[in-house]
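Have a look at the structure that comes next, please.
Think of it as A, B, C, D, E and F in the order they're written, each chain with its own count starting at 1.
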């Protein structure tokens, strides 16, 4: 299995969730993060003082899935999350050695996929 | 070493911390996350409009530990975090190549274990 | 590529960002987390009742970089984030199989490095 | 709480008078009556000033209500707007508005014509025909009428939150306070045709203040459009505000302020009518909150927190016009109907109009209902007492007063809508009404004001310290996102 | 706002004086003394109405206090409750409560019996024996007494936060405002046995308002039980509220409101006693905050923010009964003792009773202390001035007044406890008092009201937009968690 | 605040009565005129008490303002401080301060000397030469003057937020309320040399209240130093507060409270002057907010939310001294200048002095400007009416009054600075002014008060439950970080 870690813009969450759902990924974990990169932040004013803020709000999406589907999923995710402007974010692929469904104690890849679509957010 | 990533319910934190402590894991990092999975969220009303919320609050537990103990720990964690209802969460095991204790600069597995129990939260 | 996961004190963020920037890492993702470890928390009072809080606020830094530079970077980060007091945190190194720049769809290591310094926060 | 002393005094006063029926020098009386009326005038003035202060405090209520119904990225601009509007309207109304609304002269049936840039000295008076009967000095009358103008202006913006350029508040606020509001105010408070000739009743401004504000808000909304993301594929999305406790604190502050708003409109304390108005106002608000709770629960099976507050506000708006004309039981009925109206109104309008706080139903529909309700519930005795119009349908069986009310509503709505639409249209064509899409996504606080309203909720290191930029300007890349403030207002 | 009546008066005053230059007809005096007392009555009424408005504003204080001491998942329900309770009690007290508390007739020593569903007209009076001496018109008296009832009801819920079904607030609130509160109010404010015959002193309601509210809260708490997680393995866990700034804003609003609460209870301005009450009230609050700070620091070695506020509140509660009867120095002493009582009380009770805001010590224990303190500190002069009871132990050396106070406290406590326990018991057996465990875990805002009070603190994408559900209902899986609103109230 | 007019009226009443003692039984008139003036006195007293309550409510305004401009880790201590200071100053001012400020006797040109630990009874008076003309009973005068003292003390701390030891608030607050403030208050309100002999005008306290508070704050700041991280490599970092909505709610509460602050300083209602003061005050605030908005936008190209509020506050501070002496147009000018001053002042001072809320420019610079402005804008008529000093430069062409104002400002500044610096110096050398660096980093709420002001923003499981510690004390490791409360105050 692989864990796909994607840093995306807030407004792209639903699109990315839809991609993962279509591909049969069992779930998604979302974290609010701040990030900087090529897009370097911006200057603010506070009581007249210019302040440089390097980090901007992003969402981190973590989804574990079967290795077979990871490439397809990642490419679809990249498309879904794209605006074309600097700051769109990155996707990283990490190896996962095992997964457990807490509710049942089952191990293995079938814990991270589901059959029918969940239609998250619809 | 392995990094155990567990998505659990808020109310299970103490139990999970206790398991890790017993097993001699040196520490835990906790993140507030939102997630969706088999358990698909729920409908809310806002000024009469039905709103479908796909993500629900969870805690993400990250603990790095020696590879030897990981299976035991994971199974114990799964038990500790279980309610049996959909939404209990998942545990993922990721490989870790090295760990460093910032305070001392030491590397290696001994940085992620401790001898006496810490009794976190007691 | 490797993902460097560092748990640091809030006040060390800028220093760590500077290290990563110098080393040509393309970006950083920062998450607010809570942690416990050797440093076990502390006791508070609420309306007279002593309360033991095991977790304390920390920042989690995630930066993906080329494998070649990871050791240098990690050592520099450890120095930058050090106060010498218990609670300085940990750095973990995880393998990354691929990275994608969402904006362009490019894959590979060059997506996680940049040429000129970004001067984040300056 | 028995107070014998008090009784004793009254008895001895009586006896004193008895004794007097003998033979006395005038001086004593002249002097005494001076003193007497001085005390009466003082009591009237204290009440009207205190009431006006309560009404001024309603600005805090509107601020909290709007903050609560906005998203966290758009809260600083709300409070900045409230303070700025209160300020520009103070000056505009002092210079021009008050004279147009109440000053003698002018084409009086249409508009007042004196008392611009007034100066006051202790106890000084002005020629204000319609409110001459009040013993309150001119300064007190000015302040009382001004705070009403400020409330009306505050109402305008509820429909336009989270996407309006800051400069718009100023460009619209000044002419609104100087001319648009005074025009309506003159008609129903200041002795204009509707009040003096037609006998339309609007005790404290369901139409003058609330409908006027909501109508301007409607005009602005039509030209401004909905927030990004509100309507997708022909469906209305929900954009929840971020803070119900502050929003409902706002409701409670408004409820409190309304005890200045309605009872203060007597411009008098000595005739004691204001005490009745207090009771009617409170009972109506109560009826509105209860009715809204029941209605929203029946329709949606949930007890929407915001709706309960909207119900109270709508009822207060509705009772504003009849508060000096009706009996307690009628107050409850009027309030309850308003509570139902606001819930149904919010649910219905939300599908087509993006009105974040529900100002159109709460101030518009409820304002119309309240004004009309005088035509139903006004008691002949109170119509006579107030010297405006006559009793309502349920007492007199006559539709006359209802007609007068309908005309007042229609005339006011049309006038305000036309003027406001025109004014917003000009602003739109010149400086523009709306921030850029990028600024709207980033939030108005950062894009228009250079800093979030809740910095620690957005900044990377909560509680941290921020180093000044090495370069005062934003670097190339960043210009993609968020638009720097200078651009944000460049078009202004 | 034209006021012919007023003009007429002025004209007749003028003419009265004119006539006088001759040889004076009584009419003139009648007129003049009317004017004279008209001013005095106006001053009394302005004060009482303003004071009542301050007391009404205390609702905002309670709302912020409870919000601050609740967790973020339970704040919307708090403000919804405050507005709803204020509303239902308005109507219930207007219809029934006031008549039972103050109306002439009935078995008067036990309960009043007239003045139900009252109607008011300018200056109109009612037959209210116990407060007949006040010149304030009936409408003013009604409103003043009503806001006290609303405060008492607000106090009830402090003990029951974060787990009570919303419907319970309504089902209990109506009979409380219509009957339970009026019963006690009649005894100590309305001319009942305790006040008229026994001479028990309760100037502004330490017992009538505060102890009554806290006692009902105790009854409810006993039937409701503690919040999930409060007590584990026989130990009390801490469940911190989420917002000290709002909680203490609440305290400051309450402190402000108390300047209406106690001084307004003179129902009079012309005798100037209200000014003394202001001073005594302020000094007591000061003493309470200081004493609480010192006490909590000595016991716990920490300067608990909430406790400082509790100290001020407890002192204000304690001084409520004696405020019109004691001297400034005594006010400080009474307040300080209350400050100590509340700290010790909170620390002790927290081990056995889950009272999130500390209402039992602050309103219950302090209310008892305050009522009893009249028996110690009341000056004979003020007892005489107020015409109720006599001087306290420290002045008279007699335990008589202390006895009268103890009886009043006991009688009130027993009566309220029995009635409230019975009422809550019936509610528990029928619709139930408490939400399900799952709803309690999820929070009342989402489970009872369908939306969080702080949506952005819980929703996935802060500041985001939410698409309407394709299916109006919750899907099967979700029913595990959080119970949808319809179920949430199904049992109601 | 001397009111000759009022005296005159009373004299004529008296004479009227004198005349009457011829043909008529005195009892009747004595009684009747009593009744008459009773109403006037009641009106005066109601106004002054209500105004004082508005001023007391300003404490909530300062609390919210400071909370909003603090970081989330330092908010609980702010509200605890406000309540504690209000409390200790109540007692200190009652015991000592009031007598020194207003009591007859003493070296009166320098300080008052009677009326310590006063006791009041209905309508009782005290020998307070400077405010004897006011008919308000002593209790009302005490309360009104006290709330001014409390405002002045509240202003002190704005400069010292986020790093001051809690104990310091108490150790400085008591002598400030007992002696430092009364000293200045006596000079300009209480009949001291500056007012009585020199004729310096300060209607409601631009110097007495605001400059005094800000000067003490400056002294404290100089000894306390900047917050950690504020200045690095000779550059000033920004340390944004966390909550603009609450900060601006504070501004609106203060604006509201100022309608008690300035107009209440007439200590009179019957002469109706207070109504004029209301208008001037409001227009000045409006001018200040507008001017600040324009200024900050021109300088920084951003519409800083906080600056708009600072502008309103600075204008209110500035108009405080002249509010009873100038005409509306002048009020606008004075306010606008203050709005410019505060923006330029904040931008300039921030580079060298770490003043989180901008108290030095808003209360200090604006207070100086306001006091001096009397020397420019006071109208001869109002100088005469108030019986203090004479007309300003623009009316009289004479620099005399300007000189008197300059002397008042200088004398007050020097006196307060020297006394406050000395007092803070002693505190610094004994218990210390400042928490440890670690405590400052951790935040004052957790380190001084044992719990965060926003627990859920810091605790691991928002909305969770916290188990009591097995061991009451902190374990060895933890002592590294955050310093436990006991240590936090150990040095105290």
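Convention: contacts are C-beta pairs under 8 Å (C-beta built on N, C-alpha and C of every residue); 3 or more make two chains touch, one makes a residue touch a chain.
Please read all numbers here as calculations on a predicted model, not as lab measurements.
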{"item": "Labels of chains that are neighbours to chain C and to chain D", "value": "A, B, E, F"}
{"item": "Equivalent of A-F within the choices B-D, A-D or B-E, defined by over half of its residue contact pairs recurring", "value": "B-D"}
{"item": "Contact-richer chain pair (by C-beta pairs counted) among B-D and A-D", "value": "A-D"}
{"item": "Copies chain F and chain E - interface residue numbers shared by over half, same or different", "value": "different"}
{"item": "Separation of chain D from chain E, taking each centre as the mean of its C-alpha atoms, in whole Å", "value": "29"}
{"item": "Distance between chain centroids, defined by C-alpha means - chain C, chain E (Å)", "value": "53"}
{"item": "Length of the line joining the C-alpha centres of chain C and chain F, rounded to whole Å", "value": "47"}
{"item": "Chain B and chain C: spacing of chain centres that average the CA atoms, whole Å", "value": "19"}
{"item": "Per-residue multi-chain contacts in chain D, two or more chains", "value": "9, 13, 17, 20, 23-24, 30, 32, 36, 39-40, 42-43, 46, 50, 236-238, 240, 300-302, 304, 450-451, 455, 459-460, 462-464, 466-470, 485"}
{"item": "For chain A, residues that touch 2 or more chains besides their own", "value": "11, 30-32, 34, 38, 40-41, 45-46, 49, 51-55, 85-87, 94-95, 119, 121-122"}
{"item": "Chain A-touching residues of chain C, taken from the complex the two chains share", "value": "1, 3, 17, 26-31, 62, 64, 94-103, 105, 111-112, 114, 118-122"}
{"item": "Chain C residues touching chain F - in the complex, by the definition given at the top", "value": "11, 34, 38-46, 49-57, 85-87"}
{"item": "Residue numbers on chain D that touch chain B, as the complex places them", "value": "236-238, 240, 296, 299-302, 304, 306-307, 343, 346-347, 350, 358"}
{"item": "Chain C-facing residues of chain F, complex", "value": "441, 446, 450-451, 455, 458-460, 466-475, 477-478, 480-482, 484-485"}
{"item": "Chain D partner contacts - residues on chain B that touch it in the complex", "value": "45-49, 51"}
